[in-house]
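Two complexes come next, and they have one chain in common, chain A, joined by chain B in the first and chain C in the second.
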Partner chain A sequence: MAGKKKKEFEELRIGVFICDCGSNIAGHLDCKAVTEYAATLPGVVFAKENLYTCSEAGILEIQEAIKKHKLNRVVVASCSPRTHQPLFQNSCKSAGLNPYLFEMVNIRDQCSWVHMQDRENATRKAMDLVRMAVARAAFLEPQQDIESPLTPRVGVIGGGSAGLSAAEGLSRMGLEVVLVEKNKELGGLLRNLHKVAPEGVDASERLEGLIQDVSSRPNVKIFTGAELKSLDGYVGNYVMNIRDGEGQTVKESVGCLVIAIGAIPLVQKGLFGHDGKRVITQMELEPILKKGKFDAKRVVMIQCAGARGDERSYCSRICCMIAVKNAMFIKKLSPDTEIRILYRDMQMYGTEKEKMLWEARGEGIRFEVYDPAHPPEVGDKAVRLRQPLLGREIEFAYDLVVLSTPLVAREDASELSQLLRVPMDQNGFFLEAHAKLRPLDFAADGIFLAGSCRYPATYDEARSQGLGAAARVGTILFKDKLVTSAIVAEINPETCVGCMGCLQMCPYGAISYDQERKICQVNEILCKGCGCCAATCPSESASLRGFKPQQLMSQIRAVMEG
Partner chain B sequence: MAKEFNPKIIAFACNWCAYSAADLAGVSRLQYPPNIRIVRVMCSGRVNPGFILKAFELGADGVLVAG
Partner chain C sequence: MLDVGRHPNIKLMAYSEVEEVNGEVGNFRVKIKRKARYVNEDKCTGCGACSEKCPTVVPDAFNEGLSTRKAIYTWFAQGIPSTHTIDTEHCRQFQGKKCGICQKVCQADAVEYDQKDKFVELSVGAIVVATGYEVFNPNRIPEYGYKEIDNVVTAIEFERLLSASGPTGGHLYRPSDLKVKEEVPALEKSLKKLSKALERFEKKYGQKSEEFYKALGKEEQGNDPDKAKWAEAYEQKEEVSKRLSEYKAILEKMDVAKKLAFIQCVGSRDIRFYPFCSGYCCMHSIKEAIIANEHEPETNSVIFGMDIRAVGKGFEEYKIRGADHSSITYVRGRVAEIIQLPDKTPVVVYEDTMERVVREEPFDLVILATACVPNKGTKELAGILGIELDRFGFFRTTQANPVDTTRPGIFVCGCADSPMDIPESVAQASAAAARAAQVIVETEMKKAS
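What follows is the complex of A and B.
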């Protein structure tokens, strides 16, 4: 309370800094006039025009002014707070001013650059914007960043190539790992594979090396035949409830999670006459090759079987490479075997796979294009194909038809998606936070993804994604504590009547109802600071720090004062 | 000749989309009339009807909620 009282009597001492941004702002509006105007605003004790406020000299001027003029609010009128607010806030902080007493207004992107031919009105608008910022600054309150402890352990869900690689990377970085695999054995799809393209290394050699490495590490705890049943907590402090191999529930505390549950190769009985004997899938061919039981002399492979159609519109992306890899191995095994690959488009991306395709052609593997409107027909003895270029039908007798079917999302992925509250796409694959900027992150803080549960991935891709996700985890867990912005919601327990209106509005599940006190309360780590609760609360008990009614109202009033 | 109508428009812009769109308009040097005054909010969900009504009451000619 002492702090609050002091604040009430504190005299406002606002410093305003107007940035020329070279000629970016000063070239299109009168910065000198705006600075002179700012000096006349209530509470402003210092106003200064800078050539570049964000330069070392500009920052120094702010810091010196804070000390010399005892500023208790700083306003910078320059570019976007989205890019420069952190810099200025840190400068204020190091000069001893609480960074939440800083306010920024954009007179470049939202003024000088968009009203280039109207100097007079641009100048007037800049004055209005500065007046709004100064009015708001008067109502700002000091805040403390929210700090919470971090558990330096990581949960990895899925023990295939991606999950094992993530576990290896994390363990090597010195973080404890809890690896949860649903099957009795580690290894995922790699366990079925014969060779790994493009180098043609034995899959089992790769896999055994990886499993041995991970399971021999003292800081990796492995649960097989186990499942993640529920997840409590938030970034830095999650608690996984695992059902272990014996059916017991085990609690494990972790700071972050990596989701790498993989995908499943489609096996659809009847698809192109699939019977599991003479018409099989690539994934069924792999163990035959592995056991050395392959003896067909005439092989026809059909690409995009069950993919890129009405039911599944996506391209599984790795099946072309798998077909070429297996065809080349068969050629090596018995060079007189006839192999035809019937395709729509060959997806052999990257230099190594492109090279594989050329080598395959050189080895006599035949590639025949087909039109999806006239797909190949698999008969008892022969595959009938309509050649789109010549428009004629031809037949290839076969001993074995191999279908290149797509990887499809696991059925239990949707369960996990609800449990973690992370999104999936229309095909049941998980969706990352941003395809280009955050490809290994979920939008939910502290949860990452790798491998085929995002999109069909080769072994190499799953491995690099697993290692990448491990590095992403490091960016969170290698800090001493979790520091998050104080701009989150708060609920006044004195006035809250527990109507739970806010609870239903919160998109992040950050509000809970306290049965004992019969009021709602905010989890500050889960809160993302949207303020939906504040807009809903009928008694204004819920408020968003930095965006309280009087802080917004002061800006609205300031617009109209001009 | 009638006096030119110069409306005052208040825009409540979401920090993550509409506000950054206004930044993008600037970076792209898109030119538009200087009648708009942006109030940054962290989400358009923060804007309750009270703010909009207050803006009109104080004399705004238009209110834009963008998010």
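What follows is the complex of A and C.
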């Protein structure tokens, strides 16, 4: 407390550094005038123009000035904080100044670049921005980064190919794994398959190797017939409440989680006359092929059965490959069986799958395109098709119709989504943090996803994603402790009335209600510093560190003064 | 990019090449050539004063030659590290001419003409290969007329034309019009020069050039060399001003391209070139058509493909949205030929297989979705790393270990492994990171025991 008192009376000593960026800034505005102006601002005891503030010489100048002029605030007017703020903050830190007492102004993008033809106004705008920054800097407070411990263990939910790959990856990276599988056995969907495309290896061979490897690892704990019932805590310090095979509740502490619960192939009675006997799905065909005996002489496969339509608009990605794989294996078992694959687009993307398509054609498998406006009709004896390439209807007599149905989200996925507080897309698949750049992350920290619960995946894709999720976990758990920015929300317990307006606004679930004290409180680790709570709070009890009303208002007042 | 550039655990060596790899998993020694940039990376602040003043203008490879850069340059504006490089093939200083301007204007004192390639040796436990791919050169398909027909471009050229930071500021002008626009200043300059020359003759002989030329008999022309020059200049001037007015007429009518044809599988799914499917091109054509339509709502696009492979998450929905809201038509068929009308309009000759008719259709611009093919350096790199290639020329992996190459401790991800889209590449990159981390952890454990 003594320290705090001392700070209240501390004299403001602000240092301002104006960067020329060679001629990049100085070429289009008068940096000298801006520097001279900065020196006149209240609280500023030192102002300096640098050729390049970010160069070694520039950094040294900041650090020397902090010491020589006893600066307790530093303002740099240069380029983008996105690229250079960390550098300047660290330089302040190593000179003994708390990095949160640093403020940055972007006079390159916002002045010299956008007002290249108007030197006078670019200079004036730079002065305005510097005045605002100095006003705000006066009210900045020193902050400490938030540190919390990490549990170097990982929960993997789902023991199919993606989950097993994640577990294998994590275990070999030296992290303890708790693997939770709902079924009695590990293996997921792969357990039901006969062969794996495109290499044509037995699915069981692929699977057994992986299961054996994972089961034999001393740092992997496996629960089968088990379920994650609830999850407490936050990144680095989760507690999973698992109902194990015996129905007992077990608590397991983990730092991160990987969700790999897979998806299930659609079986829909009546779809194209599906009866499970003469009209079956690809997944129902697999065990027949596994037996190694195949009688049907005329087979018709129908692609996109239940997919890419009104009910389910998405393409399930892997069904074309499965159809071609199974068709080729039928040909192996029974070379004179006639096979026709009725399709809309053959989705054989990539190198090996396209090669399979060529080979299948070579083996006499016939591909017949259909128009979704005129889907095939499955009769008692024949499939009728309007073949657009011929411009007329044709009929194929059949012994067996095989429907290539999509993988659909598991029914229990939505339960898990609520329990983990992670989002799903309109098809019930889990929604990643960024479709392109963060495919294996959830927006929530410390929870990752892999395999067909994200979107239908082939074996190799599921395996890559499982291993990839392991690496993503590593980015958090390979550290000694979790360090997060001090720029988070705080709620003043003395003025909070517990209206819970902020709790509803918080997109990160970082605010909770304390039943006893009847107030809201912030979990600093979960808080991302978005400021929604501060904007919502009717009593100004919630505020964002570094962006408190006084800090923002001083900046706004300063712009009006100009 | 920025995160990689400033991560404390990442040492970034751009403009460098692997020369030699020795050792084994857990303990590789890698020799790296750091090519001379002739600019000191540590001193250069990326301010750009050097390239602003550099007198040598060369085609900008990043913009597919659609714009220009200087001989001292950055590959593109946001490149990391933020530094410059001298293109010695074009730099006046390196071509033995007097210059040295960049060194004079550099206030950070970063330009070093005497820099040499440097070699460094690294000790590493594992190696990740992420060398990517290149696109198929459509010159190999003469019937598509690439480079013969101005308004036939590759998808990557189209991306640059569509980019707000690209050579046209995102305005989709036809390359044939851009060429005309580019030639106008030179023509204007030569017209000015010729007019001045004519003025001199007119003053000297006190006669209007036009009158002189009309009165001029052919025989007379040879007798007086001075008058022959006059006549020649007059003829030239007439020609130049005629061409200039033609060009100006074109430019007056110049409008952005609004009718686009996208041709899929250029070089891929084609046994003459690459039999495989490049996987992502159907999606980039749809995306480009949607963006073009956002820029100019009157834009109509036709995408010609055998199958439209919209196989990723949300892709089929995106494809349908393109048809419903961005005026895209999908035509099932392989384009046979592209021809050109005298006004530079390209015409696509194709069979619509679903309608069973052969059609010829004019477009403003034709975009070729070129195949994703192994990099030229792939073979050489495979030799240096001691790893195998698959039958398509990409680095060999197996299904059981999709990011492991044939040599323990060396991993691969992205299109160096096989063609794939961004999310798949990112997921694979993470997988390769996991496998590399395993190697490091297991090596440490072995050492400890």
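The rule is short, and it goes like this: the second predicted complex is superposed on the first by the 538 of 562 C-alpha atoms of A that agree within 3 Å, B and C clash if a C-alpha of one lies under 4 Å from a C-alpha of the other, contacts with A are read in each partner's own complex, and residues count from 1 in each chain.
Here is the rule we go by: contacts are C-beta pairs under 8 Å (C-beta built on N, C-alpha and C of every residue); 3 or more make two chains touch, one makes a residue touch a chain.
Predicted, not measured: the structure shown is a model, and the values here were computed from it.
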item	value
Which superposed partner A:547 touches (first chain B, second chain C, both, neither)	first
Partner chain(s) touched by A:487 [first = chain B, second = chain C, both, neither]	first
Which of chain B and chain C A:82 touches, first, second, both or neither	both
Which superposed partner A:110 touches (first chain B, second chain C, both, neither)	first
Which superposed partner A:560 touches (first chain B, second chain C, both, neither)	first
Chain A residues touched by each partner, larger count belonging to chain B or chain C	C
Contact residues common to both interfaces of chain A (with chain B and with chain C)	82
For the chain B and chain A complex, residues of the former touching the latter	8, 10, 15, 19-20, 22-27, 29-32, 34, 37-43, 45-48, 50-51, 54-55, 58-60
Partner chain B, residues of chain A touching it in the complex	80-82, 106, 108-111, 113-118, 121-122, 124-125, 128-129, 132, 487, 505, 507, 529-532, 534-536, 544, 547, 549, 552-553, 555-557, 559-560
Residue numbers on chain A that touch chain C, as the complex places them	21-24, 51-52, 54-55, 82-83, 86-87, 169, 172-174, 196, 198-199, 201, 206, 209, 308, 313-315, 317, 345-355, 358, 369, 371, 388-389, 391, 425, 429, 435-440, 454-455, 459-461, 463-472, 474, 478
Sites on chain C touched by chain A in the complex	2, 6, 43, 45, 47-49, 52, 82, 107-108, 269, 275-277, 279, 307-317, 320, 332, 353-356, 390, 392, 394, 398-403, 418-420, 422-424, 426-431, 433-435, 437-438, 441-442, 445
